[in-house]
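Dumping the structure here so I can ask a few things about it.
We just call them A, B, C and D in the order they show up, numbering each chain from 1.
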Amino acid sequence: METRGVAAWLRRALHEHDTPLGRRFDSVLQVVILISLAGVTLASLRGMPPLAYTALAAVEVVTMALFTIEYVLRVATAGNRRAYIFSFWGIVDFLAIFPYYFLNDSQWVRALRFLRIFRLLRHNRAVARFAQAFRESKSELVVFGTTALIMLFVAAAGIYQFEHEAQPEAFGSIPESLWWAIVTLTTVGYGDVYPVTPMGRVFTGFVMIVGLGVVAGFTGVIASALTRARDKS
Amino acid sequence: METRGVAAWLRRALHEHDTPLGRRFDSVLQVVILISLAGVTLASLRGMPPLAYTALAAVEVVTMALFTIEYVLRVATAGNRRAYIFSFWGIVDFLAIFPYYFLNDSQWVRALRFLRIFRLLRHNRAVARFAQAFRESKSELVVFGTTALIMLFVAAAGIYQFEHEAQPEAFGSIPESLWWAIVTLTTVGYGDVYPVTPMGRVFTGFVMIVGLGVVAGFTGVIASALTRARDKS
Amino acid sequence: METRGVAAWLRRALHEHDTPLGRRFDSVLQVVILISLAGVTLASLRGMPPLAYTALAAVEVVTMALFTIEYVLRVATAGNRRAYIFSFWGIVDFLAIFPYYFLNDSQWVRALRFLRIFRLLRHNRAVARFAQAFRESKSELVVFGTTALIMLFVAAAGIYQFEHEAQPEAFGSIPESLWWAIVTLTTVGYGDVYPVTPMGRVFTGFVMIVGLGVVAGFTGVIASALTRARDKS
Amino acid sequence: METRGVAAWLRRALHEHDTPLGRRFDSVLQVVILISLAGVTLASLRGMPPLAYTALAAVEVVTMALFTIEYVLRVATAGNRRAYIFSFWGIVDFLAIFPYYFLNDSQWVRALRFLRIFRLLRHNRAVARFAQAFRESKSELVVFGTTALIMLFVAAAGIYQFEHEAQPEAFGSIPESLWWAIVTLTTVGYGDVYPVTPMGRVFTGFVMIVGLGVVAGFTGVIASALTRARDKS
């Protein structure tokens, strides 16, 4: 009887988000996420006393343990375990925690840990409305995404033809030229790589103008999706 | 009787903005603000004759005195003193003036002085309409702001993992990497720091694309808020 | 009688734009403008044979003479001379031509000559529709323009406080810091000047975010003005 | 009888896109395009074993042969040959293939080969809807395009006047200054060329602000075209 009561209480705490109990649990977990993120951030600073690093490592171990317990309990108490494990948030939870135990602690694994942060946005109504708007504009976004990817490839392949003789170190191959292409098409323009030949510059001019069109179209799709989401709510 | 008449006149001059008297006062104050700003700007120039710097210092003292008198009178004549002191404009007025007297004249204090300039926009109807539009879109803007902050942190934390070994001086810690993150996500791209490792560049590509989405969403929210504000008026 | 017929014909040719005669005249003038611009462009190239420069100088003199004759005839045949001389296009025509004769041929005067090019857009219906849309959004655009100017000044004044000790050559005075401010707020980000102090970078982060808002608002105002212009037509 | 049956089958396979047969053919061709693009991309990488380059050259020859056969069959089986040859896709198909055979294998010819990639977007419904939206906004887009071109030229011609004495290598002529103009107006801002004279910087400030207006207008036109396209469908 006892155990069953605990299990039911846990199920409600972890899987319900509209009840006072569920909301209190969500708040506690968000605070733990913020503590864990603050710990990782502080641990990256240099020049602190050794004790501080020890304390931050302890914070890391404790928060990691809490997330692991949370994940195990979520799986254990889920009505439909498979559905939870393979849901969007189930995968995020898994990727943020388990590579830490099973893989060597490489860069990738550490970067994955920051996925936890997106859980701060879970159960937010405005986020849900946006998600709905994006789901409805899916076909436009897929087309824009595909077009942008094609543009990216065409830009990289074209600049490679025009510039790789003049600048073999910056435009050494088509995959390496993709760096220039993404920096240019998003209009970031660091200036670490740029064309120097006349033909490369003319080509870049066209790439920039088409890129502006893709950015404008992307903005237009999102803006109209948001306007519709607003009108409905 | 006399004093009371002066007080009433001052109250009307300082707290009413739809009467001819109030409007005339506002205009005079805006001219004083412009003079004070022109003075600070000119005082930053080098190579002028010493007399000019003396004159500009005098302008500074006089305008500061006028703003101080104005603030004291505003508080003195306000119907509800507390309400004024803790209102948005009350705090702006205080921050723009009083640190000058009570704190050493540091950079922060000087920068605060430029807050005055925003009073040029006070009592403008179009500004009020925009403010209304933004207030109505508050929940969207909060979500976008939060998402942008999370993106900023994820970008900084991720690039730190990928680049801090290759470029320890540019990506020395997560807080230091935030500089790169904000310069990249706003598409400014100065080019003083940029990734050089293949993994860092792939990660940056994703950051740029998601950043474009946040910028587009932000534009969309503001554009639709302005359209609605326009339709109502 | 003869002269009067010529005058009437000229008036129709120069001041009417919906008649076949007027349209033919407009086309001829646009061709002359394009020839004159092509001449100036070619004349800026180095390394051509001397004869080419002589020929291009001749093109310049001839097209300038044609524009001068056109302007004199426009004034002479205008129904209301004052109205024409002080109209938008009357001023453009004057600035594009007469400084060439009356002022030493300085940079400014040469740059003014390029104003002619905007006449290529005169009498275009789509342009007129846009102009109408912008006229209706005037109050929003003025507010955004003013806000942008204030932001520009605050950015320049703030960065001057934070950076001028660390980088006296780049941020020597508030007017000099305006260059950094405009390059940053428009998200161009050349990278020739950028903050290096921690406080300057934090301040720049805020400037970039607010700048993004101004850009988004500007886009929103123009987008909604264009949508309305479209709906009406 | 036999030949006729094959011809009819080919016509259906190549020119029909709503039938199962046509759709299967389209899918096969898209896979061939992807293989050919992957081959060209891999072939640009250095440091692979010689055998790999030989294999990639073989992939290139085979895919090129397939595209050539496809083009010849398309022309042969088209109901109206002229209409197909001079249609948009007919020209794309021709430019992507035949220069390979008839012209020396120069940069231009290689870059043209990437045109094939756009065939990945053919027969997509969302693309067709966008194309329709753009066709309806044609007059606005033409006006914005023309205005942008004029701005580009005015920017290049103006900066040439202001900067070519200070920086003769970067702003050597008006055509050379166009590189700076496009990099600045699209807000990419590599930072390889930028103005250094006070007058050049003031001029650049105006160019940037006007450029922001053109970008905003462009975004507005596309956004409103997409909203309309969405409302109709």
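Keep this in mind: a contact is a pair of C-beta atoms (placed from the backbone, for glycine too) under 8 Å apart; a residue touches a chain by one contact, two chains touch by 3 or more.
This one's a predicted model, so the numbers in the text were calculated from it and none came from an experiment.
Asks: So which of A-C, B-D or A-B is the twin of A-D, meaning more than half of its contact pairs are the same residue numbers?
Replies: That interface is repeated by A-B.
Asks: What is the chain whose Cα centre is as far as it gets from that of subunit B?
Replies: Computed centres place D farthest from subunit B.
Asks: What's the call on subunit A versus subunit B, same or different interface residues, using the half cut on shared numbers?
Replies: different
Asks: Report, in whole Å, the distance between the mean C-alpha point of subunit B and the mean C-alpha point of subunit D.
Replies: Their C-alpha centroids are separated by 43 Å.
Asks: With chain centres defined as C-alpha means, what is the inter-centre distance between subunit C and subunit D in Å?
Replies: Using C-alpha averages as centres, the distance is 30 Å.
Asks: Where in subunit B do residues touch two or more other chains at once?
Replies: Those would be 187-191, 215, 219, 223-224, 227.
Asks: In their complex, what parts of subunit D are in touch with subunit A?
Replies: 37, 40-41, 44-46, 107, 110-111, 114, 117-118, 120-121, 124, 126-127, 130, 148, 178-179, 182-183, 186-192, 215, 218-219, 222-227, 230
Asks: Residues of subunit D touching subunit C in their complex?
Replies: 139-140, 142-143, 146-147, 150, 153-154, 157-158, 160-162, 164, 172-175, 184, 187-191, 194, 199, 201, 203-205, 208-209, 211-213, 215-217, 219-221, 223-224, 227
Asks: Which residues of subunit B touch subunit D in their complex?
Replies: Residues in contact with subunit D: 187-191, 219, 223.
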